[in-house]
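Structures are listed in the sections that come next.
One chain, chain A, appears in both complexes that follow, with chain B as partner in the first and chain C in the second.
Right, the complex of A and B next:
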């Protein structure tokens, strides 16, 4: 019996196809990117080894706004962690108490999550349309016509206009994670809290939130790390414009590689994004650990 | 009595918060449905938010035939289902060998796979593009299926191996005593038992492949091979002034995900949250 379960041939047949594909698609390219990031290369001609010069250009001689793009992604991370997650938490706490229409609300909040970001992006382009868009129409209808903007092409408001749909789309996802966490808390804990006379808000802060802390940690990691590598909606709505006002690292990486053909320099950006995401994950885990 | 009153008051406030938030989440999508049935003259003459005066099904016909949404839709189906089937098979086999078979490297291999859940696809973008270009695979279905499978494997193996741990080993031992080979055990005993977990990873893979954008815009340049996400993006230029057809295209692109979600909402929710909650 043991022999059959430790047959080398069987193990190879089972594991190797997945492993090879995974190694070639996911793991190996990281090393390739690391190598490319030390080159000056346009992808067609000869490449020149330039060591760490690309990284120096990225941060010290920077002239393409990479640091500003990184700052923008930090702003998005802040919005997601301090606005999106609290909304999601509030919704999850209310829903998990068991109210009428619980599953209806849960489904309604989650629908934007399953819709393609391209659809969401195109929809928000229409919402922001300056002549016939939903936003300006509503503002005009409320007698606030002076607030009308060319939302996506005005450098003053474009960044906010791009980030709002991002926050909007994923509230439901975090809500659901926290809701599932809250639902897994044994009922009798709430029961005894109620008998002791704890109000809804008190129960939420003293019992539910501390008990779903591991879930909240996961949400913070997803929200923050997801912001640092965010691409889709920014690419669709503005592609970093107007005048780089909404640039994030991923959109800058994309245009550096596929429009300017700076393969080496773009790879340095990609390496930075990966390291940045890993570091952020560990920092957040550390913050939650030290709070325990 | 007074307490009762206070309670219903707070209930009232909470409920209105939930309802207002539902409007915020759903109304934009409803508005999309509305303008997908209108034409420009109706929108431009002031009916931005109201119901359409006539249901212009013509917009849908335009989107499917003239704007190629039908073609993009078929491409997306081929790519997505190719990804689901291949990643499902590979992940089941790998997860089985990792959790059930006895070999020294099983733990390190699992850890290596799980690491993939933390790796953003940015680092693969350019190397894969160069590789696919030199293999002349750009603008083929494989240019998307292979990368999608690669990035779907970590989560799939994570969910499947967690599920396999919960299946007791007695069935396999019995089959082993009856003289079944390891392949028969896997195919006839384990695979049927894994059905719920396979459903979960299929939903997960469906949503991520169906909605993926970055690889799509990079690895597909030929118009006739574009998937829905990429295709819709390319309409932006040509049809940006035509509200109706583009709205219709967006509705069509959303339809499959929405149907799957409404029919199986609890499974979809479970498959998108288990990965996060166990981690």
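Right, the complex of A and C next:
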């Protein structure tokens, strides 16, 4: 029975339906976008083949802020990998040691992940409101009125203001992945470590973290790649404004296609984002492999 | 044990498949029987998409729903299925549907340059053949021109809007400021309000278009409406000194702190809500907001005085060159299966949403109204606004509808940059001309 199920033909047949679905819904549209990126097209009417001109306009003669948007997405990736993930890791390690209220905290930290992004966006817009928003009111109440800002209207602070909810939202998601990884480590290892006199922090650094390295690698890939193509909260909070201060590649793509009716040029942006995410994935896998 | 479990599972799957086939069979059999015994008077369902999801934020929904009530009573066989989305998401929804060939039978859309891509791609039904029954005479002025492309008409307009500065008389009186009649007086009023820590204008510019009401109006008042139209149609240059002067006038307002400090990030709806709280002096917006400005039970009821935007001295235009016009209406998709019913609905809904918007005080009618309809208009504010238009010499619609989408987006960005103080009037004119080449 095992031999029959593991023969190459059997494997192909069982994988085929899912693979077909994936090919039609994901792979084929990517190639189609690649074709569209060589056209000048408004998405509705006739199209004109212009070869690689869209890419030249995108990278060499750029005048719509795409380079700055890509920089912003790298900043977000950096924030997510170096701030969000360590926080998630710390929480996961603390929770997995079995403290009081473990399941309560687990749920509490995961709630931002499951609340609709639109709700979170609207909530933070109200928090950031200059007149009656929670942030400015609390700062004034603490006697820190000079720290009051027009959070979403001031080009100097808007980027930070937008990225904070983004980093906050997915801490719970990564925490849950690492928590599951930490929980699956056999208890005997911890016992023998304790017998040998290892403290909590030493156990964390020398035992837990190395053993959940595969999970951490997955989290880094998700965090980094997700940041490069992030859309939801930025669109809701500022739509890329004010004056494109918080523009990320996906919001720029959205306004290019749906407000400027430039479907071909937008497809070129989309292709760049796809390639950039793939390259990032390979780089991260490479980093982790060489660290092994 | 494992073998028999598998056998039972297979049996259950087989039985359920057979049952499904049997059910389909019976339904089909029953269907054909009914068809042959009745005369076919099938009810028609038309899909209808518009951009007013909630009556609280988009008062036009009230007028549409009342028209829908009238339609359902008069046409029980033609059902209307409505779907909605607001503002930018609505534009995206329609664009995607049009590109995929899955548009609804009727939908709301803006005219001039915004409908042109659809017309060029053949996605809208030309209505000329259906309009010879007197419909054209019922529409005022040249409101049909917005929807006319290459001599053919592709949509009907409803409601025309005009922009006025709605002044909160209480705020003016409390601070001892008089209502301005010239642009110079407006600047003085702005400075006087700021000296007393009162926000002169409300503005929620996150979506970037509210500022162009100011920019458009000021450009028309300095350059005159003809030069503006010529520039938009690429027959004149945006670097004409008149446009630079108009941009400088806007800069003067910005420098005098006429606008709230969080205007760049505040949403349009939030900006209107801020005005409704009652401590902001002026709100330069179109008559589509009348439903909210005159709402019973708010801090604004009875306190609002509309004025025309005061013109600067020495310009080619005056305060009677009004920002406004009929900028949209309901159109019919060229792929609709029920052309006659859809066009009938198109005419009905355009005329009646127009009528009810007028009655509910939401906008100015662009279809002829009879005296008994005039008498039903309960909004004093609307009637006052309508009176102000008695001497109007021209109407110029928002440039974001008149210009090609790419150029329109650049205009929004440049005007927002003027508001933020990050470009000079000369740069504004230069970049505007480059974008419009």
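Convention: the second predicted complex is superposed on the first by the 265 of 292 C-alpha atoms of A that agree within 3 Å, B and C clash if a C-alpha of one lies under 4 Å from a C-alpha of the other, contacts with A are read in each partner's own complex, and residues count from 1 in each chain.
Quick note on the criterion: a residue touches a chain if its C-beta (ideal position, glycine included) is under 8 Å from a C-beta of that chain, and two chains touch if they have at least 3 such contacts.
Computed from a predicted structure; not experimentally measured.
Superposition of the two structures on chain A shows chain C clashing with chain B. Of the two partners, chain B and chain C, it is B that touches more residues of chain A. In the superposed model, A:43 makes contact with both chain B and chain C. By the touch criterion stated above, A:98 is placed in contact with neither chain B nor chain C. When the two structures are aligned on the shared chain, A:86 is found in touch with neither chain B nor chain C. In the superposition on chain A, A:258 makes contact with both chain B and chain C.
When the shared chain is aligned, chain B comes close enough to touch A:6, but chain C does not. Applying the stated contact rule after C-alpha superposition, one finds that A:274 touches chain B and leaves chain C untouched.
In the superposition on chain A, contact of A:238 is made with chain C only, not with chain B. After overlaying the two complexes on the shared chain, residue contacts for A:286 are found with neither chain B nor chain C. With chain A used to align the two structures, chain C clashes with chain B at 183-191, while the other stretches in 3-11, 21-29, 183-191 or 201-209 stay clear. Residue overlap on chain A between the chain B contacts of one complex and the chain C contacts of the other covers 43, 125, 131, 254, 258. Of all the residues in chain B, the ones that touch chain A in their complex are 10-11, 14-15, 17-18, 21-22, 24-26, 28-29, 31-32, 35, 43-44, 48-49, 90-91, 93-94, 96-98, 100-103, 109, 112-113, 116, 118-120, 122-128, 130, 146-147, 149-151, 153-154, 157, 173, 176-177, 181-183, 186, 207, 210-211, 213-214, 217-218, 228-229, 232-233, 236, 243, 246-247, 250, 253-254, 257-258, 260-262, 265, 268-269, 272-273, 276-277, 279. Residues of chain C touching chain A in their complex: 88, 91-92, 95, 98-99, 117-118, 120-121, 123, 206-208, 261-267, 270, 274, 405-406, 409, 413, 416-417, 420, 422. Within the complex formed with chain C, the residues of chain A that make contact are 42-46, 125, 128-131, 150-155, 158, 238-239, 241-244, 254-255, 258-262.
The residues of chain A lying in touch with chain B in their complex are 1-2, 4-8, 10-11, 13-15, 17-19, 21-22, 24-30, 32-33, 36, 43, 87, 90-91, 94-95, 99-101, 103, 105-119, 122-127, 131-134, 137-138, 168, 171-173, 176-177, 180-181, 200, 215, 218, 222, 229, 231-232, 235-236, 250, 253-254, 257-258, 263, 266-267, 270-271, 273-274, 277-278, 281.
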